[in-house]
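Note that the chains are named A, B, C, D, E and F in the order they appear, and that numbering of residues resets to 1 at the start of each chain.
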Amino acid sequence: MSLGPYASFVVTSYTLVAAIVLVLIVWIAVDYRHQKARLRELESSGVTRRSGRQATDI
Amino acid sequence: MTLIDLANPTKFLALTARVLPWLTGATAILLLVGFYQAAMAPDDYQQGATVKIMFVHVPNAWLSMFVWGVMSIAALGTLVWRHPLADVAAKAAAPIGAAFTFLALVTGSLWGRPMWGTYWEWDARLTSVLILFLMYLGLMALWRAVEDPSRAARAAAVLTLVGAINLPIIKFSVDWWNTLHQPASVMRMGGPSLDRAFLIPLLVMAIGFSLLFVTLHLAAMRNEILRRRVRSLQMMQASQAA
Amino acid sequence: MTALAALIRRDIKIALRVGGGALIGVLFFLTVTVLMPFAIGPDLAVLTRLGPAILWLGALLASLLTLDRLFTADHEDGSLDLIVMGQTPLELACAAKALAHWLAAGVPLIVATPALGLLLNLDASATSAVALTLLVGTPALTFTGMIGAALAVTLHRGGLLLAVLVLPLSIPVLIFGVAASQAAITGPLSFGTPFSILCALSLVSLVIGPFAAAASLRHGLD
Amino acid sequence: MTALAALIRRDIKIALRVGGGALIGVLFFLTVTVLMPFAIGPDLAVLTRLGPAILWLGALLASLLTLDRLFTADHEDGSLDLIVMGQTPLELACAAKALAHWLAAGVPLIVATPALGLLLNLDASATSAVALTLLVGTPALTFTGMIGAALAVTLHRGGLLLAVLVLPLSIPVLIFGVAASQAAITGPLSFGTPFSILCALSLVSLVIGPFAAAASLRHGLD
Amino acid sequence: MRLSGRQISCIRGGRGVFAGLDFEASSGDVLAVVGPNGSGKTSLLRLIAGLLVPAAGSVLLDGGEAERTLPEQAHYLGHRDALKPALSVRENLSFWRDFLGGAAGDAEQCLTAVGLGHATHLPAAYLSAGQRRRLSIARLLVVRRPVWLLDEPTSALDTAGHKLFVGIMREHLASGGIIVAATHTPLGIEARELRMGGPA
Amino acid sequence: MRLSGRQISCIRGGRGVFAGLDFEASSGDVLAVVGPNGSGKTSLLRLIAGLLVPAAGSVLLDGGEAERTLPEQAHYLGHRDALKPALSVRENLSFWRDFLGGAAGDAEQCLTAVGLGHATHLPAAYLSAGQRRRLSIARLLVVRRPVWLLDEPTSALDTAGHKLFVGIMREHLASGGIIVAATHTPLGIEARELRMGGPA
């Protein structure tokens, strides 16, 4: 597959798209872990939800 | 599972936990297939290989508008129905929409350089997309700047609805004004005018990116619900300490 | 009617006595204009060509500068609570406040335009074209800016955040305002088209502004 | 020292929270810059020529938008009374407040300059020249603006004088700032002369600002 | 006329302030809302005034003017006194008369009634704390509205001002008005208590 | 320590408020400034705090720290409570501790002392009127200054808060402090009265 004289533009586009999507995915995953960790922390400090369920329960 | 059930964050989390793995798988497969087809697509007789940029540019451009549309509906949910998940949906969508808009801008510029000989031109289409991007950033700033999420939600909702005026402007700017940018060739009256060799990979990519959005959005909504739970637990902790 | 008239009268009275707002606006306008020749250099032709753009930019930024506290001042001293409780529909009250603001801060800008036109080497007809577009367009700036001012109450925030939220909304007004003035001065294009779009934008903002502002205020009080 | 540090920390904290963070400053600047081509037209050569002026205007506006309530906010909620009563000399407290304001509102703009330079088609050396003049010049904007902010407290009902006084004071800063940047980019003139005048203006304002502000506050309380 | 609330809950800043609150007041009644700091007295008044939206429950006014909402028939007197320092005492009052009521009373006369007859031309910036409070009270007189929502109305008033204010309240009740007042000190008028619980 | 004023006159907005006023208070004294609205109680406190300049006469503090002026040795608690809504309760208090005193007390502890221990992380915007007042009072504790100038300090406080505050005042007096308080309601502590005349 030859991309012609403008290969760099095509490659840059695809790389950038991949990079940004990756950043989004990583950010969301890290955020999820972070929130879970904080919930666990709160739970271990003895706070309970109004419903009586565990903080980290769904 | 009815809509009423979904209004309950806990039920929503349960649903998310069930569908997210499937969604992730489907997204990955579609994007891979789309990418393969895009790589295999023939060169355009005018644009050469640069036409391949289309397969990422167009889905991102569509999604940039679609996400604002989703946020507008969520905004109505906030203001009219005071739906508890509407705030969450709106907040979670903003960064993702901003990312898509950014990608549409950048891939467009990268396509513009070989096609028009310039990265950037102040024409109506490009400008209105840039305004969209700025408004996404403004919204994100707003969400971050206000500590009380329900307060922020109401302000953001008003702003989102006002900003929705920009959507038709983006869509029809190519028809209303003389621009460099190409007029609609897929979503237009009278069916697509694009060659099948380009159309199919484009549609696969578009569906793939849409699924990507749904997946990311659900995951981000889950994070946001958890974040709010943390916040309310912290408040309870503060008052229990009294 | 008396209610709205009273509100307009009060706001104008305060604006004139406290000064701040309107005068800062005009002075800022003046500063922008004075600065330009230094930036562009002594090339009079370029200056003339950019004249309308400079005036419009000045007007836009000046309105941004003064709109900021349109509602927050009333919020902080409790007036806003009473205004919301009044019989007057909040949308009308918002519109009245915006009108008062435009009279106190926008009109002075338009009045100052001829003087500034001289600085920018615009001839009489060009100046009057710019003044006309400003007359038609500045209400749109005020009425879209009002949305931001109302958001400032909801958000307990003002200043730059507000500017960031409002500016994108006012870009179209700027584009067509400048386009109409340009057309009147040099343009191959006709004055009519951009000017009527400008009028349309103003009308739209006259409707949307008060509604959006009222919605935001109603949901934002606490 | 702790007292001043505490004051600076508090003001920055409030500015970041209320203003919405340093990012907002950058975003604001970005918006203002993006605005320009709409008004002026997409002519890159003209844009480049106007670049420094645009950046400087953005800086002026950003500082005006927030400076105006530098002391009034503290006056209205009673903090100013306590600050005056503290052991810290009022001049130093004023300087600390101005410094905090500059850090929160001025520095983000300078940091953002390189990114904006790209949008305005400025090359690297031009961008750094502009950033340098901003670095040296924006404190002058803050410290002269501070005098007006203090007068606004004194004059309750005369924000009028504030407007009349402050902006003219900042015009020279603006002019030499732009002139220096221009000189660095295109100019037949040398960069050195306007730049050193700019430095001098800044130094003078660093001294005069706090004293004038403190004097005005001291006489203005009631 | 009857003002009543049923099962009202209030959430502010994400935290519940009170829940399941019932109250009722008829023409001629004074309802004194009492309770420790932060128990939600001000929040309740603002809910009735329509300035906060209840998380649950509702407030009703029976027997008022049918085509006007409750907030439109109520006066709210809060901590923030809605005075513009740049306007004179008279201008402040006339503005609120025109904005709130239209026809109604004579500003000059109401100012005399609250003991500010000598200060009508002063800018509001020159008023002392008690004088500001008196000017706010004058607003209750200059436009007639049946429901008065008063948040610590007597704070900053001197003894004479307090007595004056009690007279004003009595007149309002005699003409069939309803008063809901949040307060920590005795109002000086027979009232039914609504006790709020909650944190200090 | 002895705080005294001799033949003080005060002119505000071009009008004389009071003239020829004398007063005096020693360590352990409470001076309650009473009088009708607008008689100049607040003005007197602000004169002592150095926030107004007397038209005649002077205020002196004998026996204080020699190298510090009277305002630097006084706390002023006015109607405006010097709180920033954007900062948390603790941040507000710590700022004033750092700005006014440097070394001094522990913010957390002072907040508990005024009954705000549970609210240290809330933004001050969320406080009720009485909670704001309690936070202002905490400022008196967090930096030690011998002279307290209090302008209607008990307004908005509930009964528990009032009692708490009386305790705080007693402690201050016991450690040799001086209190000058303008008030309309009894302070709940034995005090000498300084009666101001003048208009309502």
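Throughout what follows, contacts are C-beta pairs under 8 Å (C-beta built on N, C-alpha and C of every residue); 3 or more make two chains touch, one makes a residue touch a chain.
No experiment lies behind these values; they were computed from the predicted model shown.
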item: Both-way neighbours, i.e. chains that touch chain E and touch chain D; value: B, C, F
item: Starting at chain B, fewest touch steps before arriving at chain E; value: 1
item: Remotest chain, chain B as reference, centres from CA atoms; value: F
item: Copies chain F and chain E - interface residue numbers shared by over half, same or different; value: same
item: Result of counting contacting C-beta pairs for B-D and A-B, higher pair; value: A-B
item: Far-end chain from chain D, centres as C-alpha averages; value: E
item: Between chain C and its twin chain D, rotation from the CA superposition, multiple of 5 degrees; value: 175
item: Chain C and chain E, separation of their C-alpha mean positions in angstrom; value: 37
item: Rounded Å distance, chain B centre to chain C centre (Cα mean); value: 32
item: CA centroid of chain A to CA centroid of chain E, Å; value: 51
item: Whole-Å separation of chain centres (CA-atom averages), chain A against chain C; value: 42
item: Per-residue overlap in chain E, given as positions that touch at least 2 other chains; value: 12-13, 79, 86, 199
item: Chain B: positions in contact with at least two other chains; value: 127, 134, 137-138, 141-142, 145, 234, 239, 242
item: Of all residues in chain B, those that touch chain A in their complex; value: 10, 13-14, 17, 39-40, 43, 48-50, 52-53, 56-57, 60, 95-96, 99, 102-103, 106-107, 110-111, 113-114, 212, 216, 219-220, 222-223, 226-227, 229-230, 233-234, 236-237, 240
item: Residues on chain C engaged by chain B in the complex (per definition of touch); value: 147, 150-151, 154-157, 161, 164-165, 167-169, 171-172, 208, 212, 215-216, 219-220, 222
item: Residue ranges of chain C touching chain D (in the complex, touch as defined); value: 17-21, 23-24, 27-28, 30-32, 34-36, 38-41, 46, 50, 53-54, 56-57, 60-61, 64-65, 68, 76, 156-161, 163-164, 167-168, 171, 174-175, 178, 182
item: Touching residues on chain F, where the partner in the complex is chain E; value: 12-13, 35-38, 41-42, 79, 115-116, 118, 122, 126-131, 133-134, 151-152, 155-162, 184-185, 199-200
item: Partner chain C, residues of chain F touching it in the complex; value: 85-86, 125
